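As written, the chain order gives the labels A, B, C and D, with residue 1 at the start of each chain.
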Amino acid sequence: MVPELDKIRGKIDDDRFTKFMGIQLLELREGYSKLAMTITDEMLNFHNMAHGGAIFALADAAFAAASNSHGQIALALCMNINYRSPANKGMKLVAECLEESLGRRTALYRIEVRSEDGRLIASSQGTVYRKEEELANV
Amino acid sequence: MVPELDKIRGKIDDDRFTKFMGIQLLELREGYSKLAMTITDEMLNFHNMAHGGAIFALADAAFAAASNSHGQIALALCMNINYRSPANKGMKLVAECLEESLGRRTALYRIEVRSEDGRLIASSQGTVYRKEEELANV
Amino acid sequence: MVPELDKIRGKIDDDRFTKFMGIQLLELREGYSKLAMTITDEMLNFHNMAHGGAIFALADAAFAAASNSHGQIALALCMNINYRSPANKGMKLVAECLEESLGRRTALYRIEVRSEDGRLIASSQGTVYRKEEELANV
Amino acid sequence: MVPELDKIRGKIDDDRFTKFMGIQLLELREGYSKLAMTITDEMLNFHNMAHGGAIFALADAAFAAASNSHGQIALALCMNINYRSPANKGMKLVAECLEESLGRRTALYRIEVRSEDGRLIASSQGTVYRKEEELANV
């Protein structure tokens, strides 16, 4: 385990919004992340399914983890999400984020959110802007 | 005020995730919604700015309100978000959602999230699938 | 008419792909463009409607014109398109591109493609990366 | 080789816009397609690189082929594209489209456009609306 990745892992664990959402970091490598979240009662919408915003929060947390994994500050520029299957209360969702392309100033990621039995809940792509500053010094 | 819109307003007010996020419905008309949310400490990310997922939650709540405003169940198929300016703790954000195009089976919406002084924080578009079922009967 | 805008207009008029597609530049101002294209037989797909790629080409040409209108090189990072209504052979389409937000390194645009009678054919958003180089010197 | 797929292949080969763009269908299976296109002089933009619209045309043709491969009419609802690397005159680009999720009324696809040496030029996702009508009868 690289010390640098440990520092980043620590930062991600301290993220208040992911804590608020009960999101857990399962894995972090350079350009890759895996996170989990269980749908609680507070995450339901008026259709009684998981709110799109709650599902997106998990996808976005995975995107942030993977894109900041190189230790250089990465800020989301654009992201899309395609909803494929509803998620219900009590379901545990797992998001995986893969790096499709890493450039000097921008990078592209792909994120899949699945139920524990492998059903695709949502699928995303996102592009970040990579700042000059390193994450650990901020 | 149309009774139908009142029922839909009631449903939106009962949405547990928007309550969890402290989102308030300010206006609802057919094909239009305006909602507000204040960035709290729990919504910050490890860069100490509002998490993209929190900003998206507000945009998505506006999208859901406007797209379900016709009383027919509308489910998000795809949505994109472009982040333009960071939001800090304590900032009050306002999201407005406009209907760009209403079809029988699908509809398209545009959502802007701004700070109170009018700065663009994020801008989105989203397409819904419109089910046969009416919202009030569900 | 600013001389700088004239130079940019000249560059856009010389764009080989927009010529190939029969796209005409109608208006260009800083952060704004209006272009037109008529659906020809060559632009039809196997459903006998205008190919999504042909409609996108018009939207993208408008995006490129508006985003390069400041004289600084702008390269598309991400773009989405929502198709709302089919376009048929012989239809004249008009695309308008508006600047939603102009930053130092990135900028966001909104593009609408309509038929001459105002029907929404497609609607897009796109983010560019703005290079340091000026357009006129390239 | 399924006769049904042959019919669909024939339809795709007759697509006028993909012919106009010199796009070739290399492979077609249910939920999968692979197409190629060489960047010609007519596809260059005013930056002297392949126009984003030309690259999108290839991605979109792959999307249309894979999404119509089941023999049921599929119409694009939304698509995003992330540009990662410029393409120059003479470059041969290959697009592959994979089905991420197939539903009764909608389906989601992922499309990658690469240079022959494997460099990622652009990456997309797209959602289609699946009509009741079958393709072969139209």
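Quick notes on this structure:
Operating definition for what follows: a contact is a pair of C-beta atoms (placed from the backbone, for glycine too) under 8 Å apart; a residue touches a chain by one contact, two chains touch by 3 or more.
Here the structure is a predicted model, which means the values were calculated and not measured.
Remark: among chain pairs A-C and A-B, A-B carries the greater number of C-beta contacts.
Greatest Cα centroid separation from chain A: this falls to C.
Rounded to a whole number, the gap between the C-alpha centres of chain B and chain C is 28 angstrom.
Mean C-alpha position of chain A lies 33 Å from that of chain C.
Centre-to-centre separation of chain A and chain B, using mean CA positions: 21 Å.
Along chain D, residues 77-78, 80, 82, 127 each make contact with two or more other chains. Taken together, the chain A residues at the contact with chain B in this complex read 11-12, 14-21, 41-47, 51-54, 56-58, 60-61, 63-64, 68, 73, 75-83, 138.
Those residues of chain C lying in contact with chain A across their complex are 77-78, 80, 105-106, 127, 129. Chain B makes touch with chain C in their complex at residues 80, 82, 84-85, 100-101, 103, 108, 110, 120, 123-125, 127.
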